[in-house]
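Every chain is named by a letter (A, B and C) in the order it is written, and numbering of its residues begins at 1.
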Amino acid sequence: MKFLFELLSKQSVSGDESDMAQYIFDYVQKRAFSWKVQPEVFFGEDFHDCVLLKFGTPTTAVFAHIDTIGFMARYQNQLIPVGGPEIIEGTRLVGKDRKGEISCKIVGGEDGCFHDFPRGIDRGTRLSFEQNIRVDEDYIQAAYLDNRLGVYNALKLCESLENGWVVFSTYEEHGGGSMPFLLSFIQNKAPVRQALISDITWITEGVEHHKGVVVSIRDKFIPRRRFIDRLVALAEESGVPFQLEVEAFGGSDGREVQFSPYLIDWCFIGAAEDEVHTPNEKVSLFDLDCMLKMYRFLMEKL
Amino acid sequence: MKFLFELLSKQSVSGDESDMAQYIFDYVQKRAFSWKVQPEVFFGEDFHDCVLLKFGTPTTAVFAHIDTIGFMARYQNQLIPVGGPEIIEGTRLVGKDRKGEISCKIVGGEDGCFHDFPRGIDRGTRLSFEQNIRVDEDYIQAAYLDNRLGVYNALKLCESLENGWVVFSTYEEHGGGSMPFLLSFIQNKAPVRQALISDITWITEGVEHHKGVVVSIRDKFIPRRRFIDRLVALAEESGVPFQLEVEAFGGSDGREVQFSPYLIDWCFIGAAEDEVHTPNEKVSLFDLDCMLKMYRFLMEKL
Amino acid sequence: MKFLFELLSKQSVSGDESDMAQYIFDYVQKRAFSWKVQPEVFFGEDFHDCVLLKFGTPTTAVFAHIDTIGFMARYQNQLIPVGGPEIIEGTRLVGKDRKGEISCKIVGGEDGCFHDFPRGIDRGTRLSFEQNIRVDEDYIQAAYLDNRLGVYNALKLCESLENGWVVFSTYEEHGGGSMPFLLSFIQNKAPVRQALISDITWITEGVEHHKGVVVSIRDKFIPRRRFIDRLVALAEESGVPFQLEVEAFGGSDGREVQFSPYLIDWCFIGAAEDEVHTPNEKVSLFDLDCMLKMYRFLMEKL
């Protein structure tokens, strides 16, 4: 849990993920010696703020985005969103500009969103929800669960992974843009035919807490049926509790796999949260555990 | 007509096109011996549910999408659309899940769409319009004319084609996603400079039944004027009746040609239908005949 | 100024940029002998209506789009937009079809837009704002400043440029489509890590006339912070007046750099205009001068 708390403590609003990438790289450097297989690591300015780990001979890639939603200071005391944060008056935001640390509150709402910081904030400064992690026997509740839990899952998977790519992407919350490069790099280096999206989805009328990890049959975009059928058969074989999701909206890094020039089957698999894109995202610990177990199983079988 | 009726009898909702791809492959296997030129055929898991036929030395590619719009079972008795079907209460839908065949009716409308099937339907099951083909002296009326007529045109073209790609794409009705791969494959194998989109468009105030095949100057996207001018000059030379379309909305596989990393001129050419995306799509047999003739002419001259 | 007036006199609505491309090519042919470095020139049907100039050993590319917004004749006397022109009743439009020159006025508005030309206009004919250039001591006001000033800036930059790509793109006003090819060509020929978008932005509550060239921290899309920080530090070092922009909307060729399969940092840098997408676009001559100076400085330092 200490490691998850550390992950949750970092700010990494879309377009400003370099600290987070460095943190993941450092973690891999420290821990990889204890993993079953030592991955080849790709990191640095040639990869912008992404990190790629290649284990053995991959047939499948796991993608976890390291950015979060947030806000950007515009003119005067205006804020504009990065990605799609819930805009709730009074929510506390934190950040930093050239003049120092910032801690302020949201004033206004969807129609016009401002901060109450007593001084001006440098144009373009990123702010994100103040962190407040709450854990009890059943749930974890915090900001940034989307997608720090997906990152956590991907890094825990590394401990036993023999073959596969584990890839940390950027910009997912704000339209994407790193996936086309990542896919091109992977397909040139050690191509895959399948991709799993390690990310967090939504509690809905058909997806409930404590019912297991979600295997998504579709969101706004639709993976190929032939792959989903195979995946569901494997999920059943695994014995790990899971739920099937069918949504008309929402997207993930899977979207960019779908529209890439490579024929890579993809599926979103992850725990569900409620209070999405607020500081109070809430995930069942049981579902998170199912997510970890399902990835371990699938990455062996696919 | 028998072959067209067979084409119209298949279900192939976006993301679930493997049966349709197999049907096209089988047809090609059976018929190609009688064609003027035997094509190189690309089919199978390396091509997902697409099929590519390469005739001679191509300079132009013809694209016909093999998917249709439809619905997907969500939770309880909810339906969500695949692509943009017209949602008309009482319309009959068919499909199949693990428990067996399904035949039901749409209940509700755009604001909330349900089925009336007495039992639950497996999450993610695809349904599409029950087929009902009606032909008289002037018209064919049926579900799936968009784009089975485009597929029919492409396969009839094969009989006499000497040089060119004939390509069957997937996912067109739901945002696309196979075209980037198809274009990349084609440009690496035997590159083209031109693409014709063999698909069905709309009857509007400027496009009427029985006035000939439609050559589209634009839909939401705009092909390059220099190519359209050349195409229109050829169309005039052909003597085949045609109409020029100018629309602000709608899209096709041409969109993905436009946004590909290849400079390939493209144009949508196809018959027009009314009652679009319903079980009662209606096309003039004269316009369909013009479509076939125009493709035959253009693929020789381009 | 004579050269700028010539640039402003051409029509080049998206999809119909071949005359403009030819004009730029001819200009380069005439002028390049006097430039510090003679570029390698890429032009012709293999490049559709784009032009690329390669100077020395590039690390950065400058993109300027050569198309403008406009209108297209639909059926009867209907007009539909190309890109996003302001539709103001009475605005004068010009163009040409097979029957001859056209000069007419807009009738109606956003809900339905027509022309008053006494005869029918050929389907698909492009019309654009009648030009009327006004220059005083402080401002230039005309149609097409977006993006003829960006083109002007790019061509003036050529006079002293030692290393870099200068690229003239098409279709920017109508969703893009040439950038994926241009980026692929550049990255295969002489790859870059950075891109500057030479284009015109908007006067807003935070961006004013006479305050210098705009360096955009974001529009709808968000460049990488690490690059923007470096760029802003260089801009400060330059001594050239500039303003920082933070917008939630709008896009440019930068969007297609962001979503390309290459990791190329990008930033929009250009003067701001008001009366955007009207025949009365208005830019401060001081801001334009700052734009020229800033590009000259940055292309040496980046």
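FYI, a contact is a pair of C-beta atoms (placed from the backbone, for glycine too) under 8 Å apart; a residue touches a chain by one contact, two chains touch by 3 or more.
These numbers come from a predicted model, not from an experiment.
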Partner chains that chain A and chain C have in common: B
Copy pair chain B, chain C: interface residue numbering same or different (half cut): different
Cα superposition of chain A on its sequence copy chain B - rotation in ° rounded to nearest 5: 120
Chain B-chain C separation of Cα centroids, rounded to whole Å: 36
Touching two or more other chains - residues of chain B: none
Complex contact set, residues of chain A against chain B: 204-206, 217-218, 220-226, 228, 244-248, 258-263, 265
Residue numbers on chain B that touch chain A, as the complex places them: 14-16, 18, 46-49, 72-76, 80-82, 123-124, 126, 171, 174-178, 180-181, 183-184
